[in-house]
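Before anything else, here is the set of structures, which you'll find just below.
In the two complexes below, chain A is the common chain; its partner is chain B in one and chain C in the other.
The block that comes next holds the complex of A and B.
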């Protein structure tokens, strides 16, 4: 057995190649760049501040089909100072967008909850736009045990 | 397989002036993401509810643009500061153009 190409290495390489082609052809996922591009489309290169956003998501999601996501933004919600819009993105789903909320001062509290699908373990990015134009950003990582994608 | 979406909304019927109330909504819908394939390998076309909006006495309060990443039978909750009596109108817009609505009365006093 002087040849470098052993039976085992051939099988491993073949399996890896098959897996890679499967990933490449069927599962085209978004990535961090896609999320950044979406944000750039809306807000350009405006500076993002930290804080104010409370992104409440589970650390580990057992079922990627139904992952609760609760977002709350610290704001007085008056006519002069309120949260205008909140965008939530995922960097490991087929498409980066999850949801966009539009709040008004009539809400009284900038908080909303829904349930989302996550295809795999990934980061959730939340961007909040205040009525004065300032932007805030928060990130959370969710480990997904069973993905909520494909069929 | 597809049933007509039925909205379910939970709103308190009474609130004190200035009280913050939570509104919870749920609607039955498959939210077909457009990513799945059927047994023959054909992509199942996307059909989701893409917009949820809530208004009170005709004035917009809250809305959400939903993407395919929203789970089937979408749930949405949000808050509202009660100031006067009136009626909520909740609207869900489907990809196919249809609209589903629900109305709830709120008495403030």
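The block that comes next holds the complex of A and C.
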């Protein structure tokens, strides 16, 4: 029960505050428009349909540095009907593009999993390009929190 | 299936007392209705299965005072719904008479007066007496005892023994299974060590190793009691890696994992389970939402948010039970099964009145033994309090005011931040502040009290972030706990607003000046989730402040202005 306590006025070096992780300096971040612009570069103003995409991400990131993202597209993956490409974007990171996957019918299944770094609470946008040229889109919001104070 | 009458049998005696006077101090408004051990145990048995549920004991082996909250706001669909009722509204909802034993156990107003009448609550030797009596009445082969977690943390002896004191006591209580949250702050290795050797099952369907996404603990266990198969699915706090330091269990991921719960239910049914129980540490509002989305759960035994309710809450075909905290209550559920399905459930939240229940001699001896190495330190009187010291409440508690005052004075800070923990006992005016009392409110494995500069903008950002963790209208975004406690600074909060616009009017209390966004302030706080935090343990900071002050007086705290509730 000894106390090493003094009234030091110095700021403890490296004292990581309870709430430090969001307190860093602010970079310039992408936004919804930047994501839309990226998609437009590839697909112009083509219509986006809903459905077919199962975007599995946590509601809240447990670690903003490595947030798991799993995506699966409902497709028979035959020569006649398959998923050609899947793009994942984040609208709150310095760069909107996260990853692009290319598929062939030989893949058998259009699914992929990765981890991404998220700087702050933001939307993840997934665009799937089908072999017939149609596009599907799904969106999910992931909260990045400073944590602490639970229970 | 379960009538309101049955829900309320815990309070039937209380409800019979007229509440007509309703004026003046509540303690004098109704006749004293001390309960006897027989009153507490009285139960009209049903079926062939009894489930006993304790939760959020927070390592409290001994009887204590624990004041329930006077502010417990619900947001979104939870607004004004139980458990988000306090005091008169809570008593009206559950038909509890003013001044009654249940009023003392479950509500906060007039706590000090009623504490003198009804005494302390809890003590695991008393819980053991109740459990033994129920086992004797029903037969051991019909009783399942389940622990909702937050059991191994919250006292000096559990901190020093790395949870060993609690593991021994919970084994002696013949616990069948438990789940975890604060347990994980002992570190992954220690938790695995206990889980693999303990006499009870340590269950968690929602903890996976990061590399292979494989379950770290068994997701469920099937028990056979009273000729019936009961599947117990474990659910750890889904937000553990956010709420607590994830570097203590770096290879684990959590999350709610609804779809996996659904799979567990289906597998359990396929194995012939007639009763499927979710032993959960999600928190009440999360479980209420989960019950509306996962099909086939008969019972959710809730935890984490420390709610105690003398009635079950039904959502579809699922009933939710909230068994309080700190050993104050033991829940009993009797279940009748017909044609392989739950036909009826009868419930009682048994209040553990320490003075009414004879301590179980064996358990009392074990508790004495596990506390022995620390007994001299625990009893040491550091100072006294003139004020009621308590923790619970969404925005502040007088014990937290004491901790903030300690940080302001001992760490020479302008602003203090103290986590909104819901655990730790209450002290009555005139009580000694012992080492045990201080450590009951501070005993964690990451206690360092930091001192650093933060800008006004950063302080606001912290308040916004924590507020969203409590007042997000979707419970799946709530992590439990209460608002971070602030010393030296006031603010206004509109709980109904979205993230980023709830907090306003930050004021430096000493100068009366507004907090400036760009200005730096010296801030002290504790319980940082970041590795390598520097500073003395918070219990030493509080001890030095109490020793220097001798007698603690906490003024009413009106530094937080709340709207939108």
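The definition used in the following text is that the second predicted complex is superposed on the first by the 119 of 151 C-alpha atoms of A that agree within 3 Å, B and C clash if a C-alpha of one lies under 4 Å from a C-alpha of the other, contacts with A are read in each partner's own complex, and residues count from 1 in each chain.
One rule holds in what follows: a contact is a pair of C-beta atoms (placed from the backbone, for glycine too) under 8 Å apart; a residue touches a chain by one contact, two chains touch by 3 or more.
Keep in mind that this is a model prediction, so the values were computed, not measured.
When the shared chain is aligned, no partner comes close enough to touch A:92: not chain B, not chain C.
When both complexes are overlaid on chain A, the residue A:59 reaches chain C alone and has no touch with chain B.
Contact with chain B, but none with chain C, is seen for A:111 once the two complexes are overlaid on the shared chain. In the superposed model, A:100 makes contact with chain B only, not with chain C. Common to the chain B-facing and chain C-facing surfaces of chain A are residues 148-151.
Chain A meets chain C in the complex at residues 1-5, 7-9, 11-23, 58-60, 62-63, 68, 121, 143, 145-151. Of all residues in chain A, those touching chain B in their complex are 65-67, 77, 90, 93-95, 97-104, 106-109, 111-118, 148-151. Residue ranges on chain C touching chain A, taken from their complex, read 150, 181-182, 237, 239-244, 246, 253-256, 304, 377, 410-412, 417, 419-423, 435, 450-454, 458, 461-462, 465-466, 468-469, 476-477, 479-482, 484, 499, 522-523, 525-536, 540-541, 543-544. Listing the residues of chain B that touch chain A in their complex gives 20, 33, 35-37, 56, 59-72, 74-81.
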